[in-house]
């Protein structure tokens, strides 16, 4: 099972070439990460951060941009879990348009798990590990461009 | 005396109509406010905020957009102090291009002075009032559009 | 009748004082304007812009910030039409949290109507004037802060 | 020879964990790319785009985030050319603070060369290939984290 959320690509998130500015595409992937916490895991990320004192900063990112995203697009943004380490998690994100499963772009984002009280790396709590595992994505199912 | 800083309008700060997205123009005015602390007052705003525990949040804003700003523009962003209250300060900001004094846009931004330790309004410290007064801008010198 | 849309205030839209960066609040107002076209008027703004060659750039803006917006807030963003001129329209925007009608911030934004083919000001088309009028907001109903 | 530019990390480019939001770090890398055109190659990117009808969209990106960037940092942002293909170019970007050569983050960004009139991939013009080659960066000189 993977998670998906539909987002509106916005008027001000365009670059001077008239298409999506790629740092903004990565912002939309982060929005999907936030929606996953709220809508799939049932605990909003601000509570994780402020009440549970857990953070998931990105330490590594690999992104591929296959086709331009434009203003007016309302892409599906998908999230799956590619790898669960002791502390690190590798997420796969991708965008699709309408019913077309071909990705417009995709990214793998590796996060560390951080104890926000001590500001140091910690183990991924077992309860979350279990919940994350439900969203496991096999490498061969992480959609590739052309 | 007013302060000015030259900023590069960036590739990703454009909207789908091909011109500056106006919330970004307000961001550039805030950048000028930050440069004013660093380059004119000699104490960077992060130090004011974190070491001196003073903040200057905007409480009111009035902006006028006279001419589009485009990618490739390297506007001068100007700052003057229109009014010094007990706690509040009214700043005037405007943008010009090259040697042309005609403003592309302008804004008056009223800030409160906040004690960041207590998170409550406080008086503008006398030492800063004096330094701010140097940048006084008379209403009639705040450049008007056509 | 006024329009409202619920938006998630995002992790990356925060400033170094830990609250909403006000240019981002204005971005959220613009998002509500876009949602109004899509969800209330039934014609997405990208089509208005690209197919109908009509644009509604902001020429004037007045904003007041009453209470901080924080990460985790999922504010209602409201839109009403304060004034319909020949070419200009004055919109009222405000944000509320949960069931509390007290606004966190509000803005009046005056737009021009622009023929995007000729890039010059034009009259607001009668059909849109009629549709906009449905969302009329009387000055006394535009929620005031404290 | 590599290029570097000094940028101010801004008040509004912070996330709710109080550090740089990583999509914004990638924005700063793009700013360095723009500064390289203006300050090192002597032809601003807007002219390349609009007058020469050449674009360099990112097709691939790999980033590593080693240490947090905070408000108040005025990082050096460095650019080198890791690989020159027929149409593609691989850039290396990294950020450092003060005199410390240890990178805070780095990214390799592969761009395509696009004929903006036809909106299709084209060869990197020979004159630019020559100019780009001056900024060649050997893999072993692309600074690694810890």
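Note that the chains are named A, B, C and D in the order they appear, and that numbering of residues resets to 1 at the start of each chain.
By our rule, a contact is a pair of C-beta atoms (placed from the backbone, for glycine too) under 8 Å apart; a residue touches a chain by one contact, two chains touch by 3 or more.
As the structure is a prediction and not an experimental result, all values here were calculated from the model.
**Student:** What's the farthest chain from chain C if centres are computed as the mean of the Cα atoms?
**Tutor:** Following the centroid criterion, the farthest chain would be D.
**Student:** For chain B and chain C, what's the span in angstrom between their mean Cα positions?
**Tutor:** For chain B versus chain C, the centre distance works out to 23 Å.
**Student:** Measuring centre to centre with CA averages, how many angstrom lie between chain B and chain D?
**Tutor:** It comes to 28 Å between the two C-alpha centres.
**Student:** Give, as an integer number of Å, the spacing between the C-alpha centres of chain D and chain C.
**Tutor:** 35
**Student:** Touching two or more other chains, which residues of chain D qualify?
**Tutor:** Within chain D, the residues that touch at least two other chains are 11-12, 16-17, 21, 23-24, 27, 30, 46, 49, 71.
**Student:** What is the shape of the graph in which nodes denote protein chains and edges denote touching chain pairs (line, ring, star, complete, other)?
**Tutor:** Shape of the chain contacts: complete, all pairs touching.
**Student:** Which stretch or stretches of chain D touch chain C in the complex?
**Tutor:** 11-12, 14-18, 21, 23-24, 71
**Student:** In their complex, what parts of chain C are in touch with chain A?
**Tutor:** Within the complex, chain C contacts chain A at residues 8, 10-12, 27, 30-31, 34-35, 38, 44-47, 49-50, 70-72.
**Student:** Mind listing the chain A positions that touch chain D in their complex?
**Tutor:** 16-17, 19, 21-24, 26-27, 30, 46, 49, 55, 57-65, 68, 116
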